Amino acid sequence: MDSRKGQAASFIVDSHSFKVWELTPWLALAATWFMLPTYLPFASQIIVMILFALSYDIVVGYAGIVILGHTAFFGVGAYTAGLLAVGGWREPITGLICAGFAAAAVGLVAGAVILRTRGLTLLMLGLALTLLFGELANRFAGVTGGHDGLQGVEISPIFGRFEFDMFGRTAFLYSAAILFLAWICVRTLVNSPFGRSLVGIRLNPVRMQAIGVPVWQRKLIAFTISAALAGVAGGLSAQVTQFVSLSVFGLDMAGAVLIVLVVGGRGRLYGAFVGATAYMVVQDVLAKDDPVFWLFWVGLILIAVVLFAPGGLLGLIEKVAGLRRPKAAELIEGQGQSPSGIEYRSQQ
Amino acid sequence: MNVSETLISILFTGTAYAMVLYIISVGLSITMGLLGIANLAHGAFAMAGGYLLITLLNRLTLPFGLALVLSAVIVAGFSVVLERLLYARVYKAGEFDQVLLSVGLIFVASAIAQYVYGPIPKTVAVPLSLTGNIDLGLRTFPVYRIFLVATGVAIFVMLLIVIERTNIGMRIRATVDNRAMAEAIGINTKTLFSVVFAVGSALAAIGGGLGGDMIAITPGYPLENLAYFLIVVSIGGLGTVSGPFLAALLLGIGDSACKILVPQFGAFFIYLSLFGFLLLRPGGLLNRVQEQ
Amino acid sequence: MRIRLVAVLGAVAGLIASAELLAPTYALADDVFKVGFMAPLSGPFAALGDSIDRGARLYEKVHGNNISPGVTIQVIRRDDAGVPDNTRRIAQELIVRDNVKVITGIALSPQGFALSKIATEAKIPVVLMNATTSSLTRSSPYFVRFSYTQWQTAYPMGVWAAKHGVKVAASLVADYAAGVDSEAAFKKGFEDNGGKIVGADRAPMVTTDYLPFMERIKAEKPEAVFVFVNNGRMPAVAKAFNDAGLKAAGVKLVGPGDNALDDELQTMPADVEGFITAATYAAGNPSQGNRDFVKAWKAEYGENSLPNVTAVSGWDAMSAIYAAAKELGPGADGAAILKSLSNWKGTSSPRGDASVDPQTRDIVLPIKMNKVEIVNGKPANVTFEEEAPAKDPWKTFNPE
């Protein structure tokens, strides 16, 4: 009994310490800055997607809340940041904070209402939420610019000194900094006891309730945090591209982040990094030549991943590199089941 | 417009649209209730039915009825292949994986449709005997819409009889209620799944073909109309044939009422009422599936 | 542990290496005039993107890539899937990485708006091949439009209706910027000439069933119904118009040419017969310039294929770019190219007497009044009246 407890304890302590390979994304970003200076705007777009995917991973990958409308929070963040700028408040960092708060507020209210449901109902409600916001934004086209998009978004230089230039240099550094901060936060969160309890809730909510974990409350907190992060991602997108359109609420974006997590691997912190980079790079290369077949191949890849590699790219790397998950986690996950979770009916 | 005229307009236009939604969505309701899988790609079968109907009518110039049946059969056959190869492998997997599989299928189907038929929306050439208006005393009605309503009701009645009065219907109901028990008493659920899946897809194909001039057939069909089919199914509840019928009527008539009376309300109506409804009755109107 | 480290560093190195491979090779800027072409070639607006692409590509094919001895023109094509964020990023890449002199394509107004700051900052002319919002050319001094604006078609439609016996009309448009724009244009043209609008409905873009709207309009008893809906919805609108009994009652169905594109008309059901539109083009235009154009089009895309208003904009825009490239050479700067484009005169344009107004940088062209009739068993546009070349009325009513 003690050795198992000891194992579990050391597992948690272990996860907080930094491993060398975790430097990879930051090395890659640095490499991009020095060696691929013309790709900086593209890299900023990837960073925005990584942030969004990270937020989505908290909800879907860790907490196991299967929802399709996360773009609602992304969009709320984007329009908040955009409208603030148009309204005259051009300072970027506070704008981003406001975007996060606005999205968190919406997330809290929405979560309180819809997290009581599950399955198809939850899926539908999430979808309805983002479609509703899209309609709202369209209805108030006088304010939001409607389908034409929000124009006149101008962002003041960061700290009064670093102007947003056409080559995307400032935008890149700004995005990278935000990503770093977010990463620290999310990493701490998922490796904390709270984060581990989320995994427990995903795998067996009934048992978690039985041991006294306030399941619904935790889900709501996770949901709100995730919404805030999604809002920050949206706000960053608005500030860096200086444009917001109704597409932030659209199904294309929702589908994209889904694919990102699937390809990268969900419930694993770096799935968002790997997936977003892979997805956007491949899309950029393939879509140039034949956009119809891009759609075809994405669909095929999705099917293949679901059938043969449910853990996504990271899952494959884990298998190939012989990285094994610690025993404690194995005990929880059980044998022969896909890491994504147990059968639909018994999910809370 | 006076009140009675308005009422008739709303009821009539709404019901025809509702019938198309019903024919397409009833298959999804049964499949989801029976198999427990979230098949978001159901719209792809409707789209395939629509495109096939157009090809059979235009290229092979077959008569309308024959073309309709043939397209349904082809789609049904193809769907069984998909079910055995792909869907069967995710029955036990998480809901997320099922959603992903169906999204992947939607993409592949849309890409193929765009490659073969191009991005411009296509319309179905309805037979001349069904075009034009007919005067029923009070006012004129389009013949095709009357045909749609009649077909929808006929299919509903037929399904109801099958589900409630036949052996196979009994087996379906048993499996929906409690799959483990059904298997224990010897019902071959695997074959049942395939049969039900095939019938559901065939119905979707018919709905897609018949509804072609109300719901345009484009490569984006499965994604664009996904919300509507899912709304019918989630409001109607999974696993019955009557639930979606009621839900489709509610949705269709409500939609018409909004368009005729308060068009500036726009798409709000659908999403807001979906929200309100699902919160009050998350199980849907006539839910059969036991929530554990 | 060490293996992991090595693997990781190897992965990063691999990433960088592949990125360098993916980066386009920098051609010598001296002898190549580079043009960046951006359009939705996938996604919901693919039909539009495909159309302008075909028009542009046909021009390139017919005229070749050599614009003068030793100088070639290179068109770099990118798909932005109709997403404005992509548009902006791709434009940045085209300017910074590929060193293009001109950007063109741009099927939708939101994409145009997303570009305005970049175009102005980088001083790169943007030749709009579609994108019909009137105010777009004011959002950047480097925008030149070769297609048309909603006001250029819907306003004359209103004027025509009022002058041809229609006293009372209703409008039904799709609820997005272009729809609302055309609704306002029609109303102004119609009411300024004595007409009265009795109903103005906006249908959500997702609408597929228009019968309820037509029933509602029927109650207003208009003599004409103006419609403008998003791509692909016209057959449903026409059918609903008939089903509601409006056609039988002698009500005219009118609208801008966007919903009666020559190529799409061919596959539409006979319900659209009688639809009157004000358009910038009709494939049956008898001018020599157009006959050559249609001939080349059919030779390239098939005997049954037809160009439409968007394809011909692509063609004309390309001809202007070629002219600028020929006149100024690959070393030209943005301002000079802009000047050349803004003073374009399309003497053999398939659209007739088209030109660009240097002050507003917008297209000036004659509007054709078309009626849909059944020709050889298929619906087709038949031009029955042609107006004199006109500027965008919106700018006249909204001076800067």
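The letters A, B and C name the chains in turn, as written, and every chain counts its residues from 1.
One rule holds in what follows: contacts are C-beta pairs under 8 Å (C-beta built on N, C-alpha and C of every residue); 3 or more make two chains touch, one makes a residue touch a chain.
Everything numeric in this text was worked out from a predicted model, so none of it was measured.
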| item | value |
| --- | --- |
| Common touching chains of chain B and chain A | C |
| Comparison of B-C and A-C by number of C-beta pairs in contact, larger one | A-C |
| Per Cα centroids, the chain farthest from chain A | C |
| Distance from the mean Cα position of chain B to that of chain A, given in whole angstrom | 33 |
| Distance between the centres, which are taken as Cα means, of chain C and chain A, whole angstrom | 36 |
| Multi-chain contact residues (two or more partners), chain B | 114, 266-267 |
| Contacts with 2+ other chains: residues of chain C | 46, 175, 204 |
| Two or more partner chains touched - positions in chain A | 135, 292, 295 |
| Parts of chain C lying in touch with chain A, wherever the complex brings them together | 1, 3-5, 7-9, 11-12, 15-16, 19-20, 22-23, 41-43, 46, 77-79, 81, 83-85, 88-89, 92-93, 95-97, 109-110, 113-114, 116-118, 121-122, 133, 139, 175-178, 180, 204 |
| Sites on chain B touched by chain A in the complex | 32, 36-38, 86, 89-90, 92-101, 103-112, 114-115, 223, 227, 230-231, 233-234, 238, 266-268, 271-272, 274-275, 278-279, 282-283, 292 |
| Complex contact set, residues of chain C against chain B | 44, 46-47, 50, 175, 201-204, 206-209, 211-213, 215-216, 218-219, 231-233, 235-236, 239, 242-243, 245, 248, 263-264, 267-269 |
| Complex interface listing, chain A residues touching chain B | 60, 66, 68, 113-114, 116-117, 119-121, 123-125, 127-129, 131-132, 135, 139, 251, 255, 258-259, 262, 266, 292-293, 295-296, 298-303, 305-307, 310, 338, 340-347 |
| In the complex, chain A residues that touch chain C | 20-21, 23-24, 27-28, 31-32, 35-36, 38-39, 41-42, 45, 135, 138, 141, 145-149, 151, 166-168, 237, 241-243, 245, 247, 252, 281, 285, 287-288, 291-292, 294-295, 321, 323 |
